[in-house]
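Next up, some structures in structure tokens.
What follows is chain A paired twice: with chain B in the first complex and chain C in the second.
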Partner chain A sequence: MDYGIEVRDQEAVIRLRGRLTFNDHAKLRALIGEMGQNKLRRQVLDLSSLEFVDSAGIGMLLIAREEMERASKQFVLRGAAGQVKRVLTVAQIAKIVPIED
Partner chain B sequence: MTTVPPPGRDPLSPGSAATGTQDAPDRFADWLTGARILIVDDNRFNRHLLLALLERGGITLVEQAEDGQDALARMERFKPDLVLLDLMMPQMDGFELCRHLRADPRWRSLPVLVQSSLDRAEDRARAFAAGATDYIAKPINAEELLARVRIHLRKHAMLRDLERFHGRAETELEMARAMQARMLPGPARLAELEAATGIAVHAHFAPSSELGGDFWGIERLPDGRVTVYLVDFSGHGVGAALNTFRLDAICRQIGSAALTPADFLAAVNRRLCGLLPTGQFATMLTGLIDPVAGVFHYASAGSTAPMMWHPGDEAPRLGDGSGLPLGLLPSAVYDSRLLPMPPGARLFLYSDAAIEIPTGDGNGHEVLDEYGLATLFARRLQDPDDAALLSGLLGDLAATGPIDDDLTALLLTRLR
Partner chain C sequence: MIGGTTQETSQATAYRARFTRLLAPGLPADRLDRLAWELGLAPATDPAGSEPLAALVTGSERNGAGLMDADALWLPPVAAWIEPPSRTDASGLARLLADAAGNDLYLNLTTATAHGLQPGRRLLAALSARLAPGWALEGDRRDDVELALHEAVSNALVHGNLGVTAMKELNARELDRFSRDLNDRLADPVLAARRVVIALRIDPAENGRPLVTVEITDEGTGFSPGPRSSSGASGRGLGLIGEIADGLEIEDGGRRIRLGFRL
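Here is the complex of A and B:
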């Protein structure tokens, strides 16, 4: 997995690319740190280029959600497709994190 | 020129400048003073010089050999921790002794410190090619020799420490693996269940590392129904495996007899929410096979879609696995769901590893989803032998692509 951060007027958009799995723990930790540092209140994870997520990956997204909550930031998942969308749907993640198309 | 350091500046003492360890107490220091060194040199004067040097450095367990042959004869009994080796010797020279030692598994990683008056680059290269660990040119500088001896003994001690630790970790993981395997229903219990209920169970359980985050259970209730559950913790390895033990205990404590599958999941979820840190969760499917009503009554916390096949059907019917995974939200509630299960029906439950197998040429990022799995399952359904069906299906999965997570697969058949 790799990622790019784009800071816009109202929100920071973090685009994840590739596969988000057990092996990306350190990288996602770094990413969460960066999300905490930029000033914007709304942090959007753009998942449209993410091809695959496993259960550990979902776990890391939930850690990100909690860290953003602690930093009083809004956290949104956007644009999931394919396998990623299926996994988010089956796990009903929308019940705990706002999900946008 | 040889210089012997004065006693007050012992290069072998912990914290000496030679190795740069200045702070923390050296946990290998005691071991170093008990180190055994074999000196191999045909020149008696040289041997005595080295002996004196080592003794000055605090190393007293020293044995001497006159040539390679003599050294080999002494290795077995003396079991040195390091060999100080001359190259040019009669009978068997240092190069050959090196090769002999490296060919023997017992001495493969033994530090062999060559000290020689041969000082051309090609001599050094030859010595290293023969298996030398390090090379010091004569005339010997006492400080340098002792520093290098100390470094190599230290490295060797650390390596042994690491090997011991590794061995212990392996043993413990093996024990934990056996404990986890015992948590799952064994062949005797499954045979008993089949005789009593007419429900045959075939199971496959394959952790992706020594320990897995999957587990499953099945139990006959006094009223004749059968409860089955399949759990998959996020991640895999030791952390996920420890969680399986916790959840197993919780499931037993709650007991499934009095609760509907949906209420059972909600109860397990409430208990897990207080225990799991953020980022850890479990998916779980639990259900009751009711032979009288001919149904499989189930609930799911983000597990995979159960597949049900009825005799005469071409393909299995897919159930619904959606639901919030366990451990995320204490107030979560779960839906009660039903699949008809007449006599002869087959129920297939599996962990998500089965539907996360990459398919195709590797360029795309498609995975075998549940529809792909259902297709593979459908092709095997004509096989009347459940064991053959399951192993055939697992073969199909392995042929689809690499499986890099814990894989559990359960096939339950209503024989009557």
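Here is the complex of A and C:
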């Protein structure tokens, strides 16, 4: 998995690319740090270029959400498609995290 | 396609290994020739042809680099990938080949090698390549089967062979702990050398529909499947696997999982 951060006026958009699995622990840790450091209150994870996520990947997204809450930031998942959308649905993540198309 | 069920059945099991050839890209030609001769196999320099072929993972193609990344080596006629334990002689290798025989695909790899391979994705591609055209995995079902395979192999490597506990709390400190444990244990030569064995079989089931069986065995301390918990960040993904697979058996104290998929 790779990611890029784009800081806009109202929100920071973090685009994830590739496959998010247990093996991306270090990248997710770095990503959570970067989201905490930028000044914007609204942090959007753009999942439209993410091809695959596993159960540990979902867990890491939930950790990111917890850490943003701790930092009083809003955390949103956006644009999930294909396998990623399916797993988010099956795991009922929408009950915990706002999901936008 | 010519012929009916018989044709499909024989095609489904056509790659079931009675090996005739040995491929070992990491070995010098003279050593490959000698080893192949001792095993009664023909040495092969590439995976062309149609006769089932066993490939040895040695030397430079380990750790996900090099030849194991070549797509062709996951397709028929390659029917086994074996990373021989150090100092394995021909008779030791013959025993591993006997284990491999009777499967449509057999992998016997160290944790260090398997960890770098994204084996779930590879297994899905390998399975797809071995199915008759009418039974192709598509759409959601394809995604689901890939996820189940990925979760099962990840469990064997991370929780089984490396003994890393799943993330239990939803915070960055727990993510750090998981990260540290995983890196430390991969760096431990004893744990990194533990093996994972993956055996895939495609059998005709009722109505001629294929039944895919995937057995994944690790060398960890095992586990007892307990009640499912939704509080942790990563469990064993067993709930997901159970929802996707048509059959799920856990054996040998949690060191072996057998998944069944009806196509």
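The working rule: the second predicted complex is superposed on the first by the 101 of 101 C-alpha atoms of A that agree within 3 Å, B and C clash if a C-alpha of one lies under 4 Å from a C-alpha of the other, contacts with A are read in each partner's own complex, and residues count from 1 in each chain.
As a working rule, contacts are C-beta pairs under 8 Å (C-beta built on N, C-alpha and C of every residue); 3 or more make two chains touch, one makes a residue touch a chain.
If you're wondering where the values come from, they're calculated on a predicted model, not measured in any experiment.
Annotation: superposed three-chain arrangement on chain A; chain B versus chain C shows a clash. Of the two partner chains placed around the shared chain by superposition, chain C is the only one that A:26 touches, whereas chain B remains out of contact.
In the superposition on chain A, A:16 contacts neither chain B nor chain C.
In the superposition on chain A, A:62 makes contact with both chain B and chain C. Of the two partner chains, neither chain B nor chain C is touched by A:99. In the superposed model, A:89 lies in contact with chain B only, and not with chain C.
If you count the residues of chain A touched by chain B and by chain C, you find the higher number for C.
Contact with neither chain B nor chain C is seen for A:80 once the two complexes are overlaid on the shared chain. Of the two partner chains placed by the overlay, neither chain B nor chain C lies in contact with A:1.
By the touch criterion stated above, A:52 is placed in contact with chain B and with chain C alike.
Counting contacts by the rule stated earlier, residues 19, 22, 52, 54-56, 58-60, 62-63, 66, 82-83, 86, 90-91 of chain A appear in both its interface with chain B and its interface with chain C. Across the interface of their complex, chain B is touched by residues 19, 22, 51-52, 54-56, 58-60, 62-63, 66, 82-83, 86, 89-92, 95-96 of chain A. Across the interface of their complex, chain A is touched by residues 115, 118, 120-121, 140, 143-144, 146-147, 150-151, 154, 158, 166-167, 170-172, 174-176, 178-179, 182, 232-235, 237, 240, 243 of chain C.
Residues 232-236, 278-281, 283, 302, 304, 321-325, 328-329, 332, 352, 356, 365-367, 369, 405 of chain B are the ones touching chain A in the complex.
Residues 19, 21-23, 25-26, 28-29, 32, 52, 54-56, 58-60, 62-63, 65-67, 70, 82-83, 86-87, 90-91 of chain A are the ones that touch chain C when the two sit in their complex.
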